[in-house]
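Dropping a structure here in structure tokens format, bear with me for questions.
Each chain carries a letter (A, B and C) given by its place in the written order, and its residues are counted from 1.
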Amino acid sequence: MNELLSWWGKAVGQSYALKLLDIHLRGASQVMFQNNVLTGLLFILGIFWGTAAAENPGVAIGAIVGLVIATLTAIILGSDDASLEQGLFGFNGILVGLAVPTFLVMGPATWFLLVIGAAFSTVAMLAISQVTKLWGVPALTFPFVLTTWFLVLAAYSFGHLSIGSMGPPALPSPLARSDLGIDLSVGELLGACIRSISQVFLINNFGAGIIFIVALLVNSRWAAVFAVAGSVVSVIMGLVLGANPSSMSAGLYGFSPVLTAIALGCVFFEPSWRVALFALLGTIVSVIIQGALDAAIAPVGIPTFTAAFVFVTWLFLLPKLNLKPHGHGLVSDGIMTGK
Amino acid sequence: MNELLSWWGKAVGQSYALKLLDIHLRGASQVMFQNNVLTGLLFILGIFWGTAAAENPGVAIGAIVGLVIATLTAIILGSDDASLEQGLFGFNGILVGLAVPTFLVMGPATWFLLVIGAAFSTVAMLAISQVTKLWGVPALTFPFVLTTWFLVLAAYSFGHLSIGSMGPPALPSPLARSDLGIDLSVGELLGACIRSISQVFLINNFGAGIIFIVALLVNSRWAAVFAVAGSVVSVIMGLVLGANPSSMSAGLYGFSPVLTAIALGCVFFEPSWRVALFALLGTIVSVIIQGALDAAIAPVGIPTFTAAFVFVTWLFLLPKLNLKPHGHGLVSDGIMTGK
Amino acid sequence: MNELLSWWGKAVGQSYALKLLDIHLRGASQVMFQNNVLTGLLFILGIFWGTAAAENPGVAIGAIVGLVIATLTAIILGSDDASLEQGLFGFNGILVGLAVPTFLVMGPATWFLLVIGAAFSTVAMLAISQVTKLWGVPALTFPFVLTTWFLVLAAYSFGHLSIGSMGPPALPSPLARSDLGIDLSVGELLGACIRSISQVFLINNFGAGIIFIVALLVNSRWAAVFAVAGSVVSVIMGLVLGANPSSMSAGLYGFSPVLTAIALGCVFFEPSWRVALFALLGTIVSVIIQGALDAAIAPVGIPTFTAAFVFVTWLFLLPKLNLKPHGHGLVSDGIMTGK
């Protein structure tokens, strides 16, 4: 493996075309915070596997188009080279490209929307990073979430954009008892765990989930461990709180907790018992916030995407030991004192 | 009184258990920005009085559990000692603990939710403070508002969490003329003022309101004066704008204005005529924004909590004399110039 | 023209009353980022033209009241003189004053609301500028958008505030095919362009649009060029995506793109081909986000105002070449490491 990667490193140094390919594959791998060409290649393989099984090739094509457009936009805008080479301008674009064909019916106007959206996701990445850098935290997938919310919401207003599998808008209503009546078998619960991992790429497929776990293992055992742990915690929490069994089974309560677990467990903090307990609290909160956002967004009829992961991870990364809250005393300066 | 407090100060220095009790009571007192054990004790007394009258002991138990869990979480995370000793890690937790049993039906899953939520409120306090410190303002009760929005929204998605007295989700509709037909007597208007103060702790009880005013008087006459003035302004504004009389009577238009009046009038600015006029504008705006947020949040069927107070107080604390707005000219640097 | 302006400059230096008039007219001109008394005067002329044609004098009176109250509030609060003299404390107030009588039925309580709202818009301008200065971008019209959202939302909650032409609240539904069936003639498409410019001031009138273009030409040819280009792009995008023809015809898809085009094309960046292409992307995205926000806001039954312009322009101004995103590695400091 190491020989393969070092051979690739040399080849990349000699060819701009291979260099571009390298950047794109790393962009794919950054969806789960990895910086590894092979991980990226396996992620794309998993996407093709899942979309082939669902007979929905538009999703795989969209992913590639989104990845390429977002990366080229970053190059044209003259973005930071080191960030580009780590793939930091690709992961939002590939997710935009996966989401648009998943929720809208593709046609000329929708493909145009996808291309504009992927280019915009890079502008949004640069912009949001500027704000989150002040806070000392990364933008995470918020550029993808924000961009895609705008794209799929727009489908309600424009006649040439057709809505596929989302909505309809509805006022939230408490989960009916009858929805809770289904008991999931141990096999179905295991499936829910694996599908939670495949849903990080908006794919509902057991095989794709396994490929994604292997892709993580190639680069980081900790990442694979925390991904699986996050999915198990999400399923347990779903049972404790009484989540809709069919949503749980499709992995829809797990993709944000999986990302939270990886991010807090081994990407932004170094793994330790203390970190693991903190990540456990974050993962549990992710499941609660997933349910909360599902209810909050119901009246506008769009998906929450990875918003639960983004909000929880920001909130768990922001606290700093050496910074105390502003107390309940005079503010240092104000229009009342003239100082 | 001073002798009592100085005796308590000595006792606290000699016992860690009393020290913990001191921190918890100060945490309760910070709900209205006070840092005083006796005020905190009286606030808790008022909570018990109000919940006893409503025969809803779960609310009082929730308050204590929320206060303890949030404070212990701050200790475990190694938060700033000085902030901890002022009770800055308790006031959001006690409010989470009051809100969950007020709006949800308590059971094993709901108590679990309350405990996780109280712990999370401390993480949210540390995180939000990190952002608001950049702006030079405190986090106020936004950690409580955000946390509890997530908790009560989640009740729509999870079958083991039962909704009590909130919702149902509905599109906003203009207040019907018939709702305005009720004339409140002078006594009822006075009651509305006092209940506005009790509703800061989500309690609808005249006696509790009186106890809370006494609790403020123990520590700060200005705080008591501005609390009462804020409640009177809110009732007058309710009559001017035509608020729903039964909501007004229950104090639901007054709790945010009361907090705004105390915060702007004597906590974050020093009391003066200029400050009083500025606080008056802020208090009037709080009533308008309370009505606005009630309409905005109606489709998701949850309460606004103290969001009106938080948004208004942030907006009135942020302006600084020596800082001018960015003009409508070139931005200093951008991806267009390469500089 | 230059002689006229230099004569005016002298006159202003000798009379505080003329100085105040100068500040107010510049405040009007800043709605489209200009700093020119004559532009401001023509903008106000266009407003009177449009409201006379619509037989709605309350809108013109509201505009003047909003402009005066917001400016006086800035003076009373002791805001930065240089910013005041550029009119930076007037443009949000005039927009608040235009919007309230456009969407609500005016009466004593509504006029009170308008006055309080205009004063509050200055506090909001100072507050929001404080946050956006940290990001290196201007507040744009967000103080107007936020203030007016609160004011018109409040009309649903208070009986003495009557709703005029907005709402009713409704869940978003995909545009019906029949709505798309109308073909606009070339003349109607040209009208849509001009009305897009008049709608920046919430006015649906061809003549007013022409006056506004002349007002821009008086101060900046580039501003007029980008305003017209922005309106043309918005109409083309409306046809490509399939916008509601009657909304498009009334200029409702164009006012935000017009502002985005001026802001990105020649106000915050220096005009160049590279800047023009970047502004083109921003203008296209503004149309998409206009459609998205229309759907998102439908359940609460209020207009989006210029929110699409604000969000897009912030996102396109924020990226900076020399700042790279935070990578997916350890955060520099955290409650997990104790450092």
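The rule we apply is simple: a residue touches a chain if its C-beta (ideal position, glycine included) is under 8 Å from a C-beta of that chain, and two chains touch if they have at least 3 such contacts.
For clarity, every value in this text was computed on a predicted model and none was experimentally measured.
Note on chain A versus chain C: their Cα superposition corresponds to a rotation of 120 degrees, in steps of 5. Homomeric contact chain A/chain B: same residue numbering on both sides for under half of the interface positions. Per-chain CA centroids place chain A at a distance of 34 Å from chain B. Among all residues of chain A, those that touch two or more other chains are 77-79, 126, 134, 136, 171, 299, 317, 319-321, 335, 338.
Per the touch definition, chain B reaches chain A in the complex via residues 30, 33-35, 77-80, 82-83, 86, 88, 109, 112-113, 116-117, 119-120, 123-134, 136-139, 149-151, 153-163, 168-171, 267-270, 272, 274-275, 278, 299-301, 317, 319-322, 335, 338. By the touch criterion given at the top, residues 77-79, 126, 134-136, 171-175, 177, 179-180, 240-244, 281, 284-285, 288-296, 298-299, 314-321, 323-339 of chain B touch chain C in their complex.
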